[in-house]
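Multiple structures are listed underneath, in structure tokens.
Both complexes shown next keep chain A, but they swap its partner, so chain B is in the first and chain C is in the second.
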Partner chain A sequence: MSALYSLLTVLVLILLAYFGVAAAHLGVLFGTVIPFAAIAVFLAGLAYRVVKWANTPVPFRIPSTCGQQKSLPWIKQGRLESPSSTLGVMGRMALEVLLFRSLFRNTKAELRDGPRLVYGENKWLWLGALAFHWTFLVIFLRHLRFFMEPVPRLVNLLADVDGFFQVGAPVLYVTDLVILAALLYLLFRRLRDPQIRYLSLFTDYFALFLLLGLAGSGVLMRYFTRADIVAIKELAIGLVTFSPVIPKEVGPLFFVHLFLLCVLLAYFPFSKLMHAPGVFLSPTRNLANNNRMKRHVNPWDYPVKVHTYAEWEEEFHDKIKAAGLPLDRE
Partner chain B sequence: MRDRGLIFTGLVLFLGLITFPVWYNLASGTSSKPPELKLPTTEKQCVAPTETMRMSHMEMLITWRDQVVRQNDRTYVAADGKRYDMSLTNTCLKCHDNKAEFCDKCHDYAGVKPYCWDCHIDPKLVQRSKG
Partner chain C sequence: MAEKQPKPEDLAQVDYRPPKKGWMDPHVDFRKGTYCYSALAKNIEYLGMPNPRDWQPFDADWKLPPNWKQIILDGMKDRLEKYRSFRLFMDICVRCGACADKCHFYVGSGDPKNMPVLRAELIRSVYRRYFTPAGKAFGALAGGRELTEDVIKEWFYYFYQCTECRRCSVFCPYGIDQAEITMIGRELLNLLGLNINWVIEPAANCFRTGNHLGIQPHGFADSIGFAVDELEEITGVRVEAPINRKGAEVLFVTPSADYFGTPHYYTLLGYLQLFHEIGLDYTWSAFAGEGGNFGLFTSHEMIKRLNNKIYAEAKRLGVKWIIGGECGHMWRVIHQYMDTMNGPANFLEVPKSPITGTVFENAKSTKMVHITEFTSDLIRNGKLKLDPTRNDHWNVTFHDSCNPARAMGLFEEPRYVIKNTCRNFHEMPENTIREQTFCCGSGAGLGTDENFEMRMRGGLPRANAVKHVHETKGVNVLSCICAIDKANLSTLMEYWVPGVEVAGIHEFVGNALVMKGEKERTTDLRGTPLRGKEAAHA
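So, the complex of A and B:
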């Protein structure tokens, strides 16, 4: 049900942008006002949440790691799983951020005949997530050709490598195939398995459908309906130089593409998508496991006033003695 | 841990990177004006309506290539009944004789590098190298 609702929501958003421009001629709203507002919400919201996280006390190490911590010299330490130095932590963070190492550990549990519970590897989620995120990055970087003039050489190089197979014209980008396949797999993964379907919420599907709509409309524009790239670049440059223009050649499908992105941007700081900055601030990943090497004193400890037993005994010494009770110190 | 300095550095770095196009365009003095193209002076009309050409000339070129190389069909009949030889160099570049100021200029702006010229020639360059 939640899958259906989020699909419907995204469809409504698509229709809104399409007919908002095609029928109601709200080009300025969808091409200038909403993009600026969305970017402002994205930047301010993201900064706000990261600053809030930065102000949350994390006084102690949380070594919930999967490796042997550094101890006696003859016990082999898991240097990347349970690092005790800053360098080790950097290695663990790099593996996590660039290669999604913790997803690589994903397992599945199955009830077989018997009944017997068996565990096995499941690398598909890792592969799908990795494929999606890396192609998203490449597509994002390639899109800089619309926002930068002159186009940086690195962006052109990326497009060349991406179009390596030189299929058709405009040349087919491998990342376009991969991102659609990866997103469809990630969606299929939630829908196929009853347990995962039960756990999935509206927000889980919403991000997927938004991204599918975004990539889908882009692919449609590039390979099927075609778009006036020169006019679109005029609009894009107008946005980043703060002198917005809406050329009349820009088609409504482009506004759908842009509007879905704006929704994604504005939604980002309030959603699970904040896992992107969040991964950098995960205490179980970014703190060295050196509890046994260093004493960590909580810097936020409130100086509590204490009254020890010895002091108490001192205070009531005479009374205790008079009552004939035993005393620690005579 | 007291890692606030590190976190704020990361945040500022991210904000700087994500707004990079703004600084880049500011530094190179970019305006939103698209490039001025040198249009043919002798002819008035392209092989298809200008709008179609702007958006879909690459699709047309690939269709032409397939027609020539696979069907041995070299004539293109335009919407207005005019006949053209389906040829990249002999047709497109006959009217658009200044490739550098037309095709290349627009492609540089749009960030596309067609690989066609690995094999196909720009007659102007050939003339120049002949002396």
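So, the complex of A and C:
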């Protein structure tokens, strides 16, 4: 049900933008006002959330150790899985952020008759997630050609590599295929697996449908409706130079694409999509396992009620004496 | 174990189909065998914690204070501001489900709320409803949920169905640690006086007497004295075991189960032999007579209150540094909390083995060394005369205890000791050991008889891996370095894998250690005849 509601919500958003421009001629609203507002919300919201996390103390050093600790010199330490230095932590974080190290460990447990528990390889989630995030990054970078004049050589190079197979005209970008496949897989997985379906919320599907809508509208424009790229670039440059223009050659489909992006941006700081900045601050990953080497200070530490030796000796004085153990006070 | 126990073949039929009703419905059926009894009022009172009263989880009325809702919401707000972990883990989960089948309780019970992601959602949904703009505005649509008494009951049920083992945090792409969420969840429940007796009674005992069972100083001295006598019978060597002795070089702290539980007791004999043989200048303490810390299962404040004794006693006795015995959660506290909470220990010296001269750089601030670090260093430097054939009747596998594994990274040291004291050693399958080790199913204070069914369910993945090496390699002993393990794995083996014993690592050390002036050994520390010595023993 929540999947259906999410789909409907995204469809409504699409229709809103399409007819908002095509029928109600709200090009200025969708092409100028909303994008500026969305970026403002995104930046302010993101900053607010990250600053709030950063300002929340880390009272204890609690890394999850996934490898051998640094101990005796002849025992080989797991430098990346149980880092004891800042450099090691950076390595661990790089593996986590760039390659999704932890997700790569994923297995599938299955209980068979016997009982016999078996653990199968299960790398699909890792692959799907990695494929989605990397292609999203490449596509984002490719889009810089709409915002910059002249287009930086690196951006052109990236586009050339992406279009390496030279199929079709305009050339097919591999990332366009991959991102759609990855998103569809992530959606399919959520719907197919009874456990994942059971725990999924409206917001989980919403993010997926929103991204599918965004990618789908982009693909439609590039390969099927052949949007007027010159006009779109004019609009895009207008936005980033704070001198907005709405060229009339820009079709309503583009406004759908832009609007979904705006919704994504504005939604981002209020949603689970905050996992992107959040992972950098995760205390089980970004702290060194050097606990016994270097004292960690809790900024809000406070004195607590303890039971002292003197109180203990007083209560058990006679018994301590009878057992022949030494006393502080005879 | 008065209740009728379910049969293993019945428990092994796990239904993984999620129920018809959605997870936001908080109603819990407190079925016998799947929960622990409430904390007794006298224990809560002794520790000065709120709302002591008589109640049980199966009662309709839990006698919550009238302003319970405000207490919880204030408590959440306070902790959201104090713990980045808590705030972040409330915010960033994407519900990918990678953690789902990593939890032993989920694997063994099929209850979807035992998937770490959903167990966290139980509290996250309340967080969203009361602390986020989206949740305040859109409620259930944004994943928010009203805080009701049923939700509190549900928290109680599921936060005491989590052993804080951290296995899920290894698999989570953002390192979200359910142990952290459970710890905070339990702290919140404690604000309403909701705890279980199996946690709070040991905590109260420990606070008062210095150990979980409430053994008083003379009882402590008797236990150690008894062990010294028994050791003399087995080995012919009389060892010294000083208690509360000022001026010793080392203070030794171990879980109290080592001197009152079986098979822990054989590990204790091993320590006594080892320290005697190397001539370590050390002392026991009856005041800091407990390494375990059930504060870890109660609240951060209680960790600090109970842990305080170790440094205080080290200071009073004037020792130079501390060795800690075989215990799991104790070592999470020592490694990740003690220095921060009760340090800096600048009255102690950087630990240096008086036998080998090795400086334990990895413990230079906390000044406490794990016994397997200490012993493996002795073996490496050839300071122990070992006869591994005296463990030939054992075919060994090793269970990595959750906390030394995932909150410390202690993997090689115990293995090195085992391989030098035993000749038959086989690892369990790769994804059930080291950082992927499975909990015994009874950690974090859940090892009570009334919780039997849930413990056996939670222990299924561990037991199954043991069964595999039992059947394919003939393994007959499951070794471990955790007192809770030693107690619970024994029950677990009896239930799922009969024919496998449980032992501590220093029991093997004790068996293999050739002592100066010892008599001919015909039995191991358990009194079992050694291989080839059956006739001599008879």
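Operating definition for what follows: the second predicted complex is superposed on the first by the 293 of 330 C-alpha atoms of A that agree within 3 Å, B and C clash if a C-alpha of one lies under 4 Å from a C-alpha of the other, contacts with A are read in each partner's own complex, and residues count from 1 in each chain.
Here is the rule we use: a residue touches a chain if its C-beta (ideal position, glycine included) is under 8 Å from a C-beta of that chain, and two chains touch if they have at least 3 such contacts.
Fair warning: this is a prediction, and the values are worked out from it, not measured in the lab.
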Contacts of A:A323 with chain B and chain C, given as first, second, both or neither: second
First (chain B), second (chain C), both or neither touched by A:V50: first
Comparison of chain B and chain C by chain A residues contacted: C
Touching partner for A:N291 - first (chain B), second (chain C), both, neither: second
Which superposed partner A:Q166 touches (first chain B, second chain C, both, neither): first
Which superposed partner A:L130 touches (first chain B, second chain C, both, neither): neither
Touching partner for A:P59 - first (chain B), second (chain C), both, neither: both
Touched partner set for A:E234, first chain B, second chain C, both or neither: first
Contacts of A:L281 with chain B and chain C, given as first, second, both or neither: both
First, second, both or neither for A:R116, with chain B first and chain C second: second
Intersection of the chain A residues that touch chain B with those that touch chain C: 53, 58-59, 281
Residues of chain B defined as touching chain A within the complex: 1-4, 7-8, 10-11, 14-15, 18, 21-22, 24-26, 28, 30-34, 51, 54-56, 58-59, 61-62, 106, 108-115
In the complex, chain A residues that touch chain B: 43, 47, 50-51, 53-55, 58-59, 144-152, 155-156, 159-160, 166, 168-171, 226-231, 233-235, 237-238, 240-241, 243, 245, 249, 277, 280-281, 287, 299
Residues of chain C that touch chain A when the two form their complex: 12, 14, 16-18, 22-23, 48, 80-85, 87-88, 91-98, 100-102, 107, 112, 115, 117-118, 121, 132-134, 141-143, 166, 169-177, 180, 207-210, 216-218, 220-222, 243-246, 286-287, 300-301, 304-305, 308-309, 312-313, 316, 334-337, 339-341, 343-344, 358, 360-366, 368, 373, 376-377, 380, 405-413, 416, 429, 431-432, 435-436, 460-461, 464-465
Residues of chain A touching chain C in the complex: 5, 49, 52-53, 56-62, 64-72, 74-76, 78, 81-82, 84, 96, 100, 102-103, 105-109, 111, 114-117, 119, 125, 129, 193-204, 270-272, 274-275, 278-279, 281-285, 289, 291-298, 300-301, 304-309, 312-313, 315-316, 319-320, 322-326, 328
